[in-house]
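Mind looking over this structure? Questions follow.
Going in written order, the chains are labelled A, B, C, D, E and F, and every chain counts its residues from 1.
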Amino acid sequence: MFKHDKQLLEIVNVERPNPNYAAMLQEQLGGPQGELKAAMQYISQSFRIKDPAIKDIFMDIAAEELSHMEMVATAINLLNGHDPQAANATIGNIEAHVLTGLNPMLTNASGQLWTAAYVNVTGDLAADLLSNIAAEQRAKVVYEYLHRQINDKHIRQMIDFLLNREEAHNTMFRECFQRIQDTGSNRDWGVDKDAKLYFNLSQPENYVGSQLHDPNPPSFTNPQNSPQH
Amino acid sequence: MFKHDKQLLEIVNVERPNPNYAAMLQEQLGGPQGELKAAMQYISQSFRIKDPAIKDIFMDIAAEELSHMEMVATAINLLNGHDPQAANATIGNIEAHVLTGLNPMLTNASGQLWTAAYVNVTGDLAADLLSNIAAEQRAKVVYEYLHRQINDKHIRQMIDFLLNREEAHNTMFRECFQRIQDTGSNRDWGVDKDAKLYFNLSQPENYVGSQLHDPNPPSFTNPQNSPQH
Amino acid sequence: MFKHDKQLLEIVNVERPNPNYAAMLQEQLGGPQGELKAAMQYISQSFRIKDPAIKDIFMDIAAEELSHMEMVATAINLLNGHDPQAANATIGNIEAHVLTGLNPMLTNASGQLWTAAYVNVTGDLAADLLSNIAAEQRAKVVYEYLHRQINDKHIRQMIDFLLNREEAHNTMFRECFQRIQDTGSNRDWGVDKDAKLYFNLSQPENYVGSQLHDPNPPSFTNPQNSPQH
Amino acid sequence: MFKHDKQLLEIVNVERPNPNYAAMLQEQLGGPQGELKAAMQYISQSFRIKDPAIKDIFMDIAAEELSHMEMVATAINLLNGHDPQAANATIGNIEAHVLTGLNPMLTNASGQLWTAAYVNVTGDLAADLLSNIAAEQRAKVVYEYLHRQINDKHIRQMIDFLLNREEAHNTMFRECFQRIQDTGSNRDWGVDKDAKLYFNLSQPENYVGSQLHDPNPPSFTNPQNSPQH
Amino acid sequence: MFKHDKQLLEIVNVERPNPNYAAMLQEQLGGPQGELKAAMQYISQSFRIKDPAIKDIFMDIAAEELSHMEMVATAINLLNGHDPQAANATIGNIEAHVLTGLNPMLTNASGQLWTAAYVNVTGDLAADLLSNIAAEQRAKVVYEYLHRQINDKHIRQMIDFLLNREEAHNTMFRECFQRIQDTGSNRDWGVDKDAKLYFNLSQPENYVGSQLHDPNPPSFTNPQNSPQH
Amino acid sequence: MFKHDKQLLEIVNVERPNPNYAAMLQEQLGGPQGELKAAMQYISQSFRIKDPAIKDIFMDIAAEELSHMEMVATAINLLNGHDPQAANATIGNIEAHVLTGLNPMLTNASGQLWTAAYVNVTGDLAADLLSNIAAEQRAKVVYEYLHRQINDKHIRQMIDFLLNREEAHNTMFRECFQRIQDTGSNRDWGVDKDAKLYFNLSQPENYVGSQLHDPNPPSFTNPQNSPQH
């Protein structure tokens, strides 16, 4: 069951309306590395997880991503200002002005509608956790790009918070990975000779060799992690 | 520049036509964890890579994924048989029978058209490599599902080969990651207090704690890897 | 802020696994009249609503729709059973068997990926409420179709519950509409002569006339509604 | 059978070319609340309607929406001017300049391709009519946004005409709704206790109560409508 | 302006309901080579055509394609029968049973939603006509596949009619092409040395040579065509 | 099997970075008439071609289109410059600045993600070749639009090269068409009376007649073509 609390996870503010910043920030509302994607990926994956501690972490993070989505949307709403005026929206998509009456919308910065094609679910916990670790890293990168280009101190503060939260989630998913790392798709790795071959198909070569020495499954160096469970 | 060699990377054969197996195998031609996606992701990411050895590995693998795509499509083509007959295609999409004259098509097993939404590119090498490691792991998982359900010894042999190649690519991407792991989005990790917080948003809790102990960036345990470069 | 409670809104059960029922039920997880669509539409619309009582109702319903999504996904997960076997999934999409390891996925019954194109947001409360009333009515209709075709008493019970909840939401959105019905796009209605014309463009005609008598804005007959606020 | 008359439903003109206005107006050619969507929704729904008077109204309106689409496209074509020059197209999508040689295209203002995901069809007349009433209301809202932002007197005149026509269609669909309001998904409404419950899932609450008093099906207040049939 | 005549272009009938045939026939309602695509492509292209005779032919054909769409949808509606029952719809998409109450829908046979990505418009008449000639040829091919697999004499008769109409349109578009063949993108063809080179990029070669002898623009052999104008 | 050579097919250079030119050029990387589409269409079609000389030509061209894609992406990468700054990207999509760290991406100029809906495959060689001839003509048109609007001499030189290569491919596909023109969907053409009818459905008419005189299948005038094989 999901519940909503009208208090935002963190207060959101803007210095002043800026429709271009609003368009840019849409990337993290409805883009491939955005908050909705993160929430949907973790919720979807959780439906088949049996380990209660891991399921708990997934839902903790998923609920937080939904709460981030709410923060980002609140920021966009404030940045959109009060008057639809596409002429002032000189970069990115203009849907806020011609379609939604300045309401945030589930698209990326350029207007591509959100699609479930962004969501990766395999039913294999090792693969899903690696997907999530990568997703958190990408989300961080996008926030860094936005942080560099948006000169509104309140928005930068929000981005800073969200960026750090992606790091925290990344850490948590890696801790989960350590717990399950000898299971599922990580088992029986590299036993076949084909798993050790190197095909040199791009010329001229810069990488020399024809066999991989140590085809082990993914395993993260010990973050000796965190809360007891 | 790309070149084509009419010889397949590995010979492909089938015991006998089977339109349902053809539909299932479409998943790895035009699905989110399929060969086209892999090739497109690595090619796209490579355009901005400066390190020549890493760029070389990306293009070695990308060219191999295109070659895998050709193998999977060849298998589908053989499985589709000789007569369009949707009535015999009782699972999955029926486009081979009503649209393409039994030609393989860029869709997944259920007919969803391939979309570039499957492709993740961030311009940050650490994030892109993590994306690729996860992508290879997911591709392996899907091949395992197909291996279990397709009772054609030649197709199983092909799947076995492809599955092992995904492991090899996974190993190679992790080796690249080790080389660049203190750069880009992996730098300045976890310095902010927000990166260490734990929000307990799903009740009842199974994971106890409020602070992450060791929020380091991702780092794989040494595969002490492979070819010299 | 969103929070998650591991208890489902209502307990979900199945008589026995049935992959075809699972595929059918996907329609209300990731289809155009499904629970995710409803949740996303109401959350999106809420971002710009100022009236606190109306915003409250929107978020009450949105949180409930997310909770319904969780129920539907739980049911699909149980219906999918324990062994991926596309050969037994003779109707609808087969992604559970070849892609997700039996995990529910954000697609409709035939495998079309969920898209934000399903979500209507205009920033005009009258229009948005009419969208929601229509959406709830359509959701009810789809549940009626599923109820008729799924012979699993537990699933039918769940559908019955969800169907009635859509009625309740419909009632609540109409109550909201009554409160705001003289505002926004409902103002200044039909003052122009063009709003009264009837163009007879389909022959032979069955509808006689050339002018509409009473072009008033939409207004629902009094449901004399419900909770105090 | 459809026929075309080279005369436009209403003459369309522009003061002068304006590529930005052209991009904005694309919203109502190929966007979710645009004319193509309206035409396709009503045509699709009509295929199973049995009541000849209602089918007639649906096709009258559908043919008119196709005719509106032609008007909007004609306006875009004139606004696009004579020379492809993306540099002058500073807001919204630039496809007219790089892809279509200034030809209108089936996208929204920001370049998202039209998708049948915009079209709602349920086979239940009550639900379909509610969908259409909502669709007409949304179309009106979008025309209001465009009217406010486009300073070309001829385009404003066209928008004014189209906006009023959406009101007329809205009136006509409500009249149809009154005729069928005790049928289909409107029957047996609210008999179940679950249809009367109120779940308070968003805190702090602004809406007090736990039970809906009068869960009747949708019914519009009498527009005492219009042409004889 | 578009008008609708309730008489179908040709009477449509079925021997008996057959949900699988209905699903297959969806390919030509909402698929890439289907009637909606054809109508939308020709209507879109027509908006910028200046030659009145050519514009007339485009709109004659576009109106006919809309009329074909109506015929195909009528056939699907009859084939869908009277009771939603996904269990009997063993091939292709099942949306008619779980979503649309047996109403035809704008998808292909496997449930992929229609998208304007199918529509090609360039603003260059030579290119657009070549697109249309190819589109008509493809539409014919798909009807041949359906004709071969659908054993309902009335449906086969309808397909036969439609297939021949695509041939007629093909002839008409080629006649248009002959009229404009020295214009637009067909001018100044092959003057550059690069237009004559042959790159041998696939090995082993079966096609010998390094230079193209006669790089003229496309030109069809005289069909010495048809109606006076 | 595919192989990659790190040397570009032709050297690519730019006078100076220009994010707007980069966005415009995206049209030919990830748009409907772009290089990826061409490569994917010819590769997909080739899977079922039996004639070795024709298959060879298809793969020669497909490999070249992949090589063009690499050139276009290299150009975009150079034009994107060194600092993500959406504020300087005043036309078209801004994903390079907010999502990909200036990396080229598989979208068109306005940000629409590449979709396999652009790819036409029918399994009928006559139809597929006509699709390719039309596709090459459209690709040429788009390059002409870009050539006219991009004032960078190096980019113009690249466009000029690519434009001429599309002409060469066009010539080669027409030569293939001549070889197979009495086969597949080109056989038994126009024997039915329906293939000769002309329906006058757009009024007032500009094209007079009721019967097509010479409904032959498509056949190109002799390009007396080119390399021996």
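In this section, a contact is a pair of C-beta atoms (placed from the backbone, for glycine too) under 8 Å apart; a residue touches a chain by one contact, two chains touch by 3 or more.
Just so we're clear, the structure is a prediction, and the values are computed from it rather than from any experiment.
**Student:** Chains in contact with chain A and with chain D: which ones?
**Tutor:** Neighbours common to chain A and chain D are C, F.
**Student:** Which chain has its C-alpha centre farthest away from the C-alpha centre of chain B?
**Tutor:** So the farthest one, by centre of C-alpha atoms, is D.
**Student:** Please name the chain that ends up farthest from chain A once chain centres are defined by their CA atoms averaged.
**Tutor:** Relative to chain A, the chain whose C-alpha centre sits farthest away is E.
**Student:** Determine whether chain B and chain F, two copies of the same sequence, contact each other through the same residue numbers or different ones, counting it as same when over half of the numbers at the interface appear on both sides.
**Tutor:** same
**Student:** Please work out the Cα centroid separation of chain B and chain E, and write it as a whole number of Å.
**Tutor:** 34
**Student:** With centres defined as the mean C-alpha position, give me the chain E-chain F separation in Å.
**Tutor:** 19
**Student:** Nearest whole angstrom, what separates the Cα centre of chain A from the Cα centre of chain E?
**Tutor:** 41
**Student:** Which residue numbers or ranges of chain A touch two or more of the other chains?
**Tutor:** Residues 1-6, 9, 32-33, 55-56, 59-60, 62-63, 67, 90, 93, 99, 101, 107, 110-113, 115, 117, 122-124, 141-142, 201-202 of chain A touch two or more partner chains.
**Student:** Sort the chain contact graph into one of these: line, ring, star, complete or other.
**Tutor:** other
**Student:** All pairs of touching chains?
**Tutor:** All chain pairs meeting the touch criterion are A-B, A-C, A-D, A-F, B-C, B-E, B-F, C-D, C-E, D-E, D-F, E-F.
**Student:** Once bound in the complex, which stretches of chain D touch chain C?
**Tutor:** 9, 32-33, 52-53, 55-57, 59-60, 62-64, 67, 115, 117-118, 120, 122-124, 126-127, 130-131, 133-134, 137-138, 140-142, 144, 160-161, 164-165, 167-168, 170-172, 174, 184-185, 189-190, 192-202, 205-221, 223-229
**Student:** So in the complex, the part of chain E that touches chain C is made up of which residues?
**Tutor:** Going through chain E, the ones touching chain C are 1-6, 84-87, 89-90, 93-95, 97-99, 101, 107, 110-113.
**Student:** What part of chain F is in contact with chain B in the complex they form?
**Tutor:** 1-9, 30, 36, 40, 43-45, 47-48, 55-56, 59-60, 62-63, 66-67, 69-70, 73-74, 76-77, 99-107, 113-117, 119, 121-124
**Student:** Contact residues on chain D for chain A in the complex?
**Tutor:** 20, 23-24, 27, 31-33, 90-93, 108-112, 141-142, 145-146, 148-149, 201-204
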